[in-house]
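Right after this note come the structures.
Shared between the two complexes below is subunit A, which pairs with subunit B and subunit C, respectively.
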Partner chain A sequence: MKHLLTLTCLIVAGLAASTAAAQMTNPVQIVEEANIASYYAGEDGRSAARMLIVDGNDNRQRRQFTLLRKDVADGGDQRYLVVFSRPADIRGTVFRVEKHVGEADDRWLYLPALDLVKRIAAGDKRTSFVGSHFFYEDISGRGTEEDEHSLIDTTDEYYVIESTPKDPDQVEFARYRTWIDRETMLPMRTEYQRASGEVYRRMEVTEVETIDGYPTGTEARMEDLDSGGYTVTQFRFSEYDVGLPDRIFSERSLRNPPRDWLRRD
Partner chain B sequence: MTRRWPGWHRRGVLLGLLLMATATPLIAQDNAEADDPWGDEAWGEDPWAEEQTGWQWYGFIEGATATRIHDDPAVGDDYTLNEARLQLEAERALGDYTATIKGDVWIDGVEDGVRGDLREAALAGRLTDRIDINVGRQILTWGTGDLVFLNDLFPKDYVSFFSGRDDEYLKAPADALKLSWFGDVNVDVVWMPRAAPNRYITGERLSYFSVVEGRRVAAPPTIDPRERDSVGRDSEFALRVYQTIDGVEYAGYAYHGYDNQPSAVDPSTGEAYFPRLSSLGASLRRPILGGIGNLETAYYAGEDHGGKDPNLPNDQWRFLAGYENEPAPDFTLGWQYLLEWTRDHDALVNNLPASQRRYAPDEYRHLLTNRITWQLLRQDLTLSLFTFYSPSDADYYLRPRAIYRFSDQLTGTAGGNLFGGKDDWTFHTQLEDNSNVYLRLRYSF
Partner chain C sequence: MGRRIASLAMDHPRMVFLGTLLLTLLGTALIPLIQIDTDPENMLPADQEDRVRHNLIKEQFNLHDMIVVGVVNESRDEGVFNPRSLGAIHSLSEGIAEIDGVIRRDLLSLATVDNIEQAGPGTIRFEWMMNTPPETPAEAAAIRQATLDLPLFRDTLISGDGEATAIYVPIEAKDQSHRIAGEIEGLIAGLDTDDAFHITGLPVAEDTFGVEMFIQMAISAPLAALVIFALMWWFFRSVTLVVAPMLMAFAVVLTTMGALIGMGFTVHIMSSMIPIFLMPIAVVDSVHIISEFADRYRPDRGARETMAEVMDHLFTPMLYTSITSGIGFASLAFTPIPPVQVFGLFVGAGIVLAFILTVLFIPAYAVRLKPERLEALRAAGSRRPPDDTPLARGLVHLGAFAVGRAKLVVGIFAIALVIAGYGISQITVNDNPVRWFQSDHRIRVADRVLNEHFAGTYSAYLRLESEQAEAAPQRFRTQSRQIIEQARADGVPIGDTWTQLREQAARDADGFRALLETLSLEVEDQLFTADDAAYPWWDELLALIDETRGELNTFQRPGMLRYIADFQAALAESPAVGKVNTVSDLVRTVYRELRSGEAEDYRIPDSRQAVAQTILSFQGSHRPHDLWRMVTPDYRAANLWLQLSSGDNQDMQAVIGRANAYIERNPLPEGVTMSWGGLNYINVVWQDAMVKGMAQSLAIAWVMVALMMLLLFRSLIFGLLAMVPLTVSVALIYGMVGLIGKYYDMPIAVLSSLTLGLSVDFAIHFIERSRENYRRTGNFAESMRQMFKEPARAISRNAIVIAVGFLPLLAAPLVPYNTVGIFLASIMAASAVASVVLLPAIMKLGQRRIMPDRPNASTQSTGEAT
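The block that comes next holds the complex of A and B.
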C-alpha cells in the first residue's frame, strides 16, 4: 500500500514536472497542482515559522512556532503539530490537527499552565490563526472542491484563476483570484473580493527558495486592506522527507513535544 | 515567610501597577525598531534551535485587585484580592529531559504579608521509547469536563478561583511521580507520596456556610483539619487508561487516596479530616453534530458504607454530558449537565441531627453550565461568560470576563465572580457575600 502511494506520488510529481513547462488549460487541475505544491511538498516536512502581526495602528505582535507535518495521502488528509515558542504567554502551547479533506478536522490544543488537553470544535476555518491576519485555512490549505474554478488568464508567468464558493454562506468572500506561477505551481498572489469586486484582502508570497528539490514559499504577507493591518510570515530551516513517524502526532507530543524531531539539523 | 507590614502591602500593589506602567514605554520602543522589525533576538529564542545550555528564564509581574460588591458581615475586608505578583520560571534541557522550576512571590494585601508558592519543580522526559516520566512538583489534569471535575481528583485551588485570580491558579500543584506508557492503549500512573488536598476555603479570604452555626462565617477560627502529610502512609494513586480511535477519545480512570476536601469530622474531637476516597470512572469525547461532545462518569466510594454516619460523606455517582460548538466565527458555545447522585440518601438524612437536616445535600444535585466565548479584534479581545446554575440547589455562579492583549507583553483582564441563590447553605449561595469584580494587569517577559 505504501509503495503504491509512493509510486502514485512519483507519478503525480512527474506529471507536475512535465506539465509545468507545457501550458495547462484545465483550471481544476491547475488548482489541485497548486494545492499540492503549497501544502504537500514531500511526504512530510519540518519548518520553523515566525509571524510579525501589525495592526492598522502599527501595534506589533509576534508569534514563533515550529511546524511538523505529515501527509496521510497527497492532496488528502494530513497531520500537523504546531509547537509555540513565543510570545511568553503562549510559549509551550501545542496545537495538533488531523486534517480531513471533505470533512471536519480534529483539533486539540494543549495549555501547559493548566496541563489541559482541550479539544476544539472544528468550527470556522476562516478565522484568525493565533491572532494573525492569516486564517487557519491559509496555513493548512482550503479544499479545492469547495470552490468553482475558472482560468481567466494565462500570462507568461502565471495562470490566473478565479474561484467562487459553492456555498457562499460559509465564507466571507464573494470570489478570489489566484496568480499561480507556471514554473513552480506556487500561488504567488491571492486577492479576495467582495461582491462589488472590491479587493479587501491580499496574500503575496514575497520569497521562494528551492528546498530539498521543492520550491517553497519562505515569506508571505497577508494584508487586510480595510484596516491597513498585515502579517508577515517567514519560514526558515525548512526540510522535507525527514521521516517523521506517525506516533509523534499524538497526545504524548502535546505534553512532551518530540525534541528529536523539532530540533533543527 | 508571612510577615505583617500593615498598610505597606496595599501600596505594594500600587507599586506593582506602577512598575507595569513604566514597562509600557519599553513596548513602544520595541515598535520603533524600524530597521529590523523582528528585533535582534530573531530566531534565537526558538527552544529547538540547538542544544540549549544553561537555564532559560521566563515570567511575569501582575497587579490584581478584586473588590466585594457587597459588604460581607463575616469578613472585615472589602477585597477578596489585592496583590502584586512575580512569577519566575526557569527551564533547562538536560539531554532528553527538561527541568522546570516555576515559583510565585506576591505581596498580599488581603492575607497581609509576602507570600510564596512553588508551583513546579519537576524533571520530565523520555525514560524509554515507550515511557515518559515526570517527577517532582507539577500540575496534573485529565478528564473531559470544563471547570467541572469528575475523575480529575488532583488538587484544585478554589480560593484563588473564586477570589479573582487567573484560571491557571485553579490547578494547585502536587508532589508526584507520573509514569506514562504509550502502546496500543496508553496508561498514566500517578503516585503522590503524601495526600495532595485542595486549597479549600478556610474562612481567611472567603466566607462560607457553617452547618454547625447555621450561618455564614469566616475566620477566626479557620478550618484547620488534621493533615494528611505523612510521606508514604498518606499516599494517593491515580490511573488513567486511554486511547483515541478514529477521532473518538476513550478513557478509563481509577483513584485511591483521600477526599480533597476536609469533608469528615472526627466525632470524638470535633476535628475535620480528609476521609478515604476511591473512585472508578470512564469518559468519551468525540466530534458530533459539528461540535465536540463528551460523556464522563465516576463513582466515588468513601468510608461510609451504607451512608449511616453523618460525619462522613456518602458514596456518589456522578454523570456529565457536554457539548461545545462554534455557531459563528470566533464565537463558541459550550453546555454541560452534571448529576451528583448521593447514594443511601435516606440513611444520611435520618442520621443527621434534626437541626441540620435542611442542610443535607439533595439526593440528586443537578448542575447546568454554559460557556460563551467571543473573540474580537483578531483575538486581541476575548469576551466570555461562564455560568453555573443548579436547578436543584436553586443557586448560580456567574463568571463574566474580558481579556485584552495590549501587546505580546501586556494583558489586561476584567471580570467578576458573582454568586447567589435561594438558600444560604447551598454550594454557590453560601459564597454570595464573596461576590467580587476584579481587574488584573500582567506584564510577561
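The block that comes next holds the complex of A and C.
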C-alpha cells in the first residue's frame, strides 16, 4: 500500500514536471498527497531538529530536539517521540504523541527535573510548540478532513489550495492558502488569514533536500506577522526507514529515552 | 522716548496697520499646523534618564499602554458570569481585536486567555478560557471559578467578588486611544446586554483631555475676549476706542500662537492657556493709554499732541511693567519641564509683543480717528464725573483707612502672613491626570467603579536586573583554567584539547551564552570517549559550564523567584497596590497544576531545571509570549507589574518608599539592581522636578524683578517696597492652597511665577505715581489723597480687567483650567489690595524716612497735575 502510494506520487510528480496537461484537479486528492509527502515519508523517520525562535524585539531562544516518528498506517495514525537536548535546563524533556486521524491525539509530557509524567488533555492542537511560532499541529500535521478544500489556482509550479475550517470555533484562522509544489507535492508556503482577508501568519519551506528518495523540507520558517517574530526550524541528519522498534514509543521511553536512537551518526 | 516712538507711529499709521496685519496673517496661517500633545511623559525632556529607562523597560518587556474596559453587573448575584453577559463580552472582545491600533496578541480578556487546570488524574489541560460563549449558567459558573483559581487573573481579569470582568486593551500609540475608546463605545452600543461598561486607563484620560483642551480654547478664549470687551466698554463707553486694544490683543494672541506652532512646538495643556493669558495682559497697557487719552483730549490740542503727551508720560512705567511681567513668565524656563518652559517663554514673548504693538498701534489708531468721533468720546466721558462712581468713592475711603490705620493694616497683614506660613507648611504635593477631569466626568466615574472592583487600573513597573552576566565570562575563564591546572598537576593533560574546543566554540558561536551551549555538547562528547583518569575532570568542566549557564539565567533560579515572591507580597501590603504580577506567580501556578492543583503545591520548584521545565510546559499554551512581559528571554531581568488603585503621585511615592524600605531590610541578591518604570512613576519624577524647579525659577525671577525695581526707582527702599505686594500675594495664595487642602499640582505650581509677573505691575504704578505726586506736592498726606483718585482707579480697573478676563476659565470642562481661573482672579484681588492698602500703610509708617514733608510743599505743583 505504502509503496504503491509512493509510486503513484512519483509518477504524478514526474508527469507534472513533464507536462502541465497531467495536472491534478481534485483539491482533496492534492491535499491528501501533500499530507503524505510532508508527514508520512517512509515507514518511520528520525531527524535532529534545531529551532531558532526570534521575537519582534530580536530576542533569540534556541531549542534542539530529536524527532522520532513511526507510522501505524500510511496517511493514518502515527507515533511521535520528541526528545529535547538543548538548552541544558530542559535536557531530557520528552513529548510523546499518539496521533489519531479523525479523533483527538493522545499526548504525554515528561519533565525530568520534576520526575513527572503528565498527560496533556485533549484540547485544540493550535497551541505553541515549546514557545515557538509553530503549533503542535504544524509539527504533526493537521487532519485533511478538518477543512473544506478548493483548488483556486494552478500555476506552473504550484497548486494553490484554499482551505476553510469545518468548525471555525476550534481555530483562530478564517481560512488558509497553501502553495503545493507540483513536483514534490510538498506544501511550500501556507498563509493563514483572518476573516478580513488579512494574512497574519505564514509558513514557508526554505530548503528541500531529497533524502533516501523522499523530498524533505529541511528548513522551515514560521512568521507571526502581527509581532514580527519568527521561528526557523532546521532538520538535520534526517533518515527514513531506519527500523524504529515499537517499544521506544512506549510510556517507559519517557523516563528512559532510547539513547541508541537519539545519537546522531 | 515714548513721544518719539508715538510720533513715528502717527506719521506712518498705514505702515503700522499693514505691519500688524501681515504679522497677524502670518501667525494665523501657521495655526492650522497645530499638534496637540497630552502625553504626561512629555513633562520630562525626551532624553531624561527616568523617561529613557521607562521606555527601555516597556520595550524590554513588550509593555504597552492600556485602555481598561470594565464590565459590571450589580443586579445579579453571579454578576456578569451568566450566558448573556459573557456572550456580549465575547463578541466585544472579538470586535476590539479587530480595531486598528489594538495589539491583538496582547489583548487580555476572558475570550483571549488560556485556562490551565487539572483534567483528571495525572492530566493537565491548557485550553482557551472562553473560546465560545457559555450556553448554560453552569458553564458560565465554571468559567468564573476557573478564572478565580488562577492568581494571575484574579483581581485583574475577574474581580475578587467574582462579579465583574475587565478587558485590557493594549494599544500601539497613546494618541490613538481616544479614537479606539470611541470605537469600543460603538461596539458596546451594539451589544445585547444590560451590563454597565466603563472605559478608563491613563491613555484614554490623556487623549480625552486633549480633545477637551480644544473645547477650552474654542470656548474660554473667545469668552474671555467678550468679557474683556464688555468690561472696557463699561469703563470707557466707546466702542470706537475699545476696538483698538481688542484688535491688538487678537493680533498678539494669533501671532504668538502661530509662532509657537510654526516653530514646531506642540500645544500642551499649559500652552493651550496662552490665549487666555495674553488676552487680558495685552490690553492692560492700552487701558492706561486710553484712560489718560480720554481724560486729556481737548479738540483744540488735537489727538496727535494729546497722544504724544500721554505716551511720553506712560512709556517708562509701561516698559517696566511689561519687562517685569515678561521676566515673571520667562523665569518658567528655569523649570526642567519642557511644556512649562514653552508656556513661560511664549507668554513672555507675547507680553513684549503686546508692549511693542501697544506703543505703535494704539497711537496710530487714535490719530486716524475722525475729530467728531473724538468729540463724541469726550462728551460721553464727561457725562459722568470720574470722581463720582462707586469705585471712586470706595477707593477714597480705602485710602483714608490705609493711611489713617497704618499700624492696624500692617498688623493684619503680618498676622495673615503668619497664618499663610503655617498654610504653606501644610501643602501636599500631589497630582493625578485623572483628577484633571471633573468628578462627575465619565472617566472619573469609570475610574472609581473599576478601582473598587479590581486590583487597579494604574500601572507601575519594578524592574530587577542582574549584572552578573558581565562578570561571568571572566569568572568562567579563571575557574576553567583552575580545573585544567589541577588536572595537569594530577597528571591528566587535557589543556590542549580544552583550548581547542573553546577556540572552536568561540569561532562558531555568537555570544557567551551560545559558546557555553556549544562547549557543553563538545564536553559531553569527550565524556563518551574519556578514559577513567580524564573523566572526572571533564565532568567537572561540564558542571562548571552548567553552573555558569545557570548563573546567566538569574531569574530562573529558585532563590531569585522566591525573593521576588516575598518582595511582591510585601509590596502588595501597600494600600495603593491592588496586586503585583510576576514571573513567580506564573511559575507557581503552572507548577501547582503540574503537581496536584492544590494550594500546597503553589510554590517555586526546587531546582533551576525544574523551573525551566515548568516554564517550558507553560510555553505550550496559546499565549507563550505572556511570559516575556514578566521576564526577558535571557532571564537577566524580571518585571514586577504593580497594579495600583490610585493614580495619585503621593500614593506612588509611598509605594516607592515601601520598596526601598523592603530592600533595606532584605537586601537585593548580589549583582541585582532595582529600577522603576511606568506612567505613574514618570508622573512622580516630573512632579519632583517641578517642585524643585518652581522654587528655583521663583527665586531667580524674584531677584531679577527686584534688580529691575532698583534700576527703575534708583532707590533700595522703593525697590524693595515694590517687591512687598507680590511677595505677600504669593505667600497668601500658597498659604490658602495649604489651608484648604488643595493639592500642589502643576497648575498651582506655575501660579507663583504668574503672580510675580502680574502683581508687580500694580506696585510699579503705585510707587511711581506716589513719588511723582510727592515730588509735586512735597506732602505725604496730599500725595496719598491724590493717589486714591485717578491712579488707584487705573490700578483697580486693571486688576478687574485681568481678574474677570481669567474667569471664563471656570467655564472650561477641565479642572486645571478652573483652578488657574479661580486662583488668578484671587491673586489679582490679593495683589491689588496689597498694592493699594498695604503699600500706603507701610509708607505711612516709614514716612519720615522716605517721604518727609517739605515746609513749603504745596507751591511745588507743576503742570503735570490732571
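We adopt the following convention: the second predicted complex is superposed on the first by the 244 of 265 C-alpha atoms of A that agree within 3 Å, B and C clash if a C-alpha of one lies under 4 Å from a C-alpha of the other, contacts with A are read in each partner's own complex, and residues count from 1 in each chain.
Just so it is clear, a contact is a pair of C-beta atoms (placed from the backbone, for glycine too) under 8 Å apart; a residue touches a chain by one contact, two chains touch by 3 or more.
Quantities reported herein were computed from a predicted structural model and do not represent experimental measurements.
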{"item": "Combined model on subunit A: subunit C and subunit B, fit or clash", "value": "clash"}
{"item": "Which superposed partner A:Asp246 touches (first subunit B, second subunit C, both, neither)", "value": "neither"}
{"item": "Which of subunit B and subunit C A:Leu109 touches, first, second, both or neither", "value": "second"}
{"item": "Partner chain(s) touched by A:Ser196 [first = subunit B, second = subunit C, both, neither]", "value": "second"}
{"item": "Between subunit B and subunit C, more extensive residue contact with subunit A", "value": "B"}
{"item": "Which of subunit B and subunit C A:Thr93 touches, first, second, both or neither", "value": "second"}
{"item": "First, second, both or neither for A:Thr127, with subunit B first and subunit C second", "value": "both"}
{"item": "First (subunit B), second (subunit C), both or neither touched by A:Asp226", "value": "second"}
{"item": "Which of subunit B and subunit C A:Arg259 touches, first, second, both or neither", "value": "first"}
{"item": "Touched partner set for A:Glu209, first subunit B, second subunit C, both or neither", "value": "neither"}
{"item": "First (subunit B), second (subunit C), both or neither touched by A:Thr66", "value": "first"}
{"item": "Colliding region between subunit B and subunit C, picked from 236-244, 578-586 or 830-838 after the shared-chain fit", "value": "578-586"}
{"item": "Touching both subunit B and subunit C, residues of subunit A", "value": "55, 59-62, 86-89, 91, 113-114, 116-117, 119-121, 123-124, 126-128, 130-131, 229"}
{"item": "In the complex, subunit A residues that touch subunit B", "value": "48, 50, 52-55, 58-62, 64, 66, 83, 85-89, 91, 98, 104, 106, 113-117, 119-124, 126-128, 130-133, 229, 236, 247, 250-252, 255-256, 259, 262-264"}
{"item": "Complex interface listing, subunit A residues touching subunit C", "value": "55-57, 59-62, 86-91, 93, 109, 111-114, 116-121, 123-124, 126-131, 136, 169-170, 196, 224, 226-227, 229"}
{"item": "Sites on subunit B touched by subunit A in the complex", "value": "30-31, 37-39, 43, 45-51, 58-60, 93, 96, 124-126, 132, 138-142, 167-168, 170-171, 180, 182, 186, 242, 244, 247, 249, 285, 287, 290-292, 294, 324-326, 328-330, 332, 375, 378-380, 405, 407-409, 411, 442, 444-445"}
{"item": "Contacting residues of subunit C [partner subunit A, same complex]", "value": "59-60, 62, 98, 103-105, 114, 119-120, 122-128, 131-132, 514, 517, 520-521, 546, 549-550, 553, 556, 594-595, 605, 607-614, 616-617, 619-622, 624-625, 627-628, 632-634"}
